[in-house]
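Read from first to last, the chains carry the letters A, B, C and D; within each, the first residue is number 1.
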Amino acid sequence: MGKSRLEAFSDGVIAILITILVLELKVPRGIDAQALRPLWPVFATYVMSFVYLGIYWNNHHHMLHAVHQVNGRILWANLHLLFWLSLVPFVTGWMGENHFAPLPTAVYGAVLLLAAISYTLLQNTIVAHEGAQSTLAAAVGRDWKGKLSMLLYLLAIPLAFVHRGIAVGLYWLVAAIWFIPDRRIESRLAR
Amino acid sequence: MGKSRLEAFSDGVIAILITILVLELKVPRGIDAQALRPLWPVFATYVMSFVYLGIYWNNHHHMLHAVHQVNGRILWANLHLLFWLSLVPFVTGWMGENHFAPLPTAVYGAVLLLAAISYTLLQNTIVAHEGAQSTLAAAVGRDWKGKLSMLLYLLAIPLAFVHRGIAVGLYWLVAAIWFIPDRRIESRLAR
Amino acid sequence: MGKSRLEAFSDGVIAILITILVLELKVPRGIDAQALRPLWPVFATYVMSFVYLGIYWNNHHHMLHAVHQVNGRILWANLHLLFWLSLVPFVTGWMGENHFAPLPTAVYGAVLLLAAISYTLLQNTIVAHEGAQSTLAAAVGRDWKGKLSMLLYLLAIPLAFVHRGIAVGLYWLVAAIWFIPDRRIESRLAR
Amino acid sequence: MGKSRLEAFSDGVIAILITILVLELKVPRGIDAQALRPLWPVFATYVMSFVYLGIYWNNHHHMLHAVHQVNGRILWANLHLLFWLSLVPFVTGWMGENHFAPLPTAVYGAVLLLAAISYTLLQNTIVAHEGAQSTLAAAVGRDWKGKLSMLLYLLAIPLAFVHRGIAVGLYWLVAAIWFIPDRRIESRLAR
């Protein structure tokens, strides 16, 4: 079965999620600079979640690029990833409106962790389908970036209760690690 | 006429519906675990509706895969299916916010039933167009899964007034039946 | 220039509009049949607007099917059509929540009229680009369906102030005229 | 790497943004002409933002048309553009609901300026990838339209505090400059 509809559906869902995020930025009542001030934490989380969804879209794009065919198992592994990503606007709103309070910040990390796990499951499902000799299998390798990210989320979640800055800093660190799309796949494909 | 725009439009509508669902999860005011508690029934219905829309997308994907051309009749049968699916976020919100009260739970089942009927109508319209010898006609066969689902919905709707757990259990049972995408089509196509 | 992105963008906008419509169906507070009763006029307008957007999508699909290339002028004529369609959720909500009060019902008709005019303009722009000998020019012919629709809207708008039923009846009449997608194009293409 | 998913994702995001705009047009309570009056400034900003997003979509369409392949850097430059565009509904709502008050009108211009800068960055990234001899590089040339637009935004932002009409007039002037899609690319491609 072709992969075009899987790509189109995932593009659609991620495009909508990234746009729904902005609905959390409620239009303020006032018309002076004061009116914008309470929006800063919401705006800061908006930027972070936008970057995260952008990273997922980029990596999804790269991963699917190395895929030739999909099956029912891959469709569901993909929906599983989309499920956790679909909770990003909710946790973004909760964390942003509460100025990075401990529990919302920890739950935000938990959703990121579950998205990372589901991404890894999708990747493994595709590798199992494509075979250990495939471009994707070679490009992913031992997937240290994926494992490091999950470790950092696991650290950040309890640390959100110590100091919000540590957790948020770790989330940005993971984003920075992934900011550059998976060069491994681009370079493998170039050969 | 080609089927690509029918697929793209359906992907778009289902992607938006699956994402609009999450808007029912309103950001809570509090910042402790208590604040999340009232969200559990809403979250549980969210998961169920997400799975249902995922099933419809998967099966739609599989069904259209076996189709070569579409006509005006198929376009309308498809819009009819999308109409009933478009009511899913509404009934999800109503059932979730009211903790699976009898009437909302029955209406949720009625919408699922009407979606199932419209899916069957779409399937029949396509089979009529493709011919009785087509891959799809052979794959669908006597469609016992479709008929069983409708029977279970018909049981669940009155039973929602007896005990909410029975109706919700039956909805999950139907979801489980369909969880695996239509292997019949995959295996027919493989020949 | 190819037409695929024009199709994809229009599919996206119409898919979102048709789904945003359902947001006007606000989840009721009560859990009995009484709670649903005030929703009936909103639901009735929802059905009508869903059918109208479905008709536009179908006809757009058919029209673009007969097109080979697009230019900047066609892109803007298409955006102009999408602009008037984008107001459909707004007027649907206004008419539905006010139980088909005269002014909202007339404004609903005015938006339908402007959408019909912009559709005709798009059609003329494409015919001008494709040439008078094109499949589309032959299929459209003297476009009596388009002209009749506009006449009926022009009748319905003032009659909304006489009796709401007349205007709504005329809107449904136009929908019925267009319900069957443009056979002319299908039959022309079949030759 | 192919450009089709980049196009599809951008189409999706811009289609959603252009449709989310209309959610700022809140359904009025009254049913007479008075009820519509307070909506005029919101409607006027809606039209302006619709035209701006239409212009960005058209130009994006034209620019990508001249592109053959994309890389990770282009994906991020494109997401950067989408980020600033995603703030358009927010600033549209703020400016419209406050009848073009100085600060909201200036912030609207600032978002347009940042979108213009990110569009230029995307253009430069693509030209760097395609090479100085490419169709796009030749079509863009010295990009006086892009530079003039940014200059006009820079003028409009402080002038919003002098008189709202000047800033809004300048925004419409920039829109008028871009209304005709980039003929340069069309004519270059025609050779």
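Here, a residue touches a chain if its C-beta (ideal position, glycine included) is under 8 Å from a C-beta of that chain, and two chains touch if they have at least 3 such contacts.
Worth saying up front: this structure is predicted, and the values here are computed from it rather than measured.
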Homomeric contact chain A-chain B: same or different residue positions, threshold half: different
Most remote chain, CA-based centroid, reference being chain C: A
Where chain B and chain D are represented by their mean Cα positions, the distance between them in whole Å: 37
Whole-Å separation of chain centres (CA-atom averages), chain C against chain D: 26
Contacts with 2+ other chains: residues of chain A: 8, 12, 16
Touching residues (chain side chain A, partner chain D) in the complex: 7-8, 11-12, 14-16, 18-19, 21-23, 25, 27-28, 31-33, 36, 47, 50, 54, 57-58, 61-62, 65, 179-181, 183, 186, 189
Contact footprint of chain D on chain C as seen in their complex: 1-2, 5-6, 8-9, 12-13, 16-17, 20, 24, 71-72, 75-76, 79, 82-83, 86-87, 89-90, 93-94, 97-98, 101-104, 107
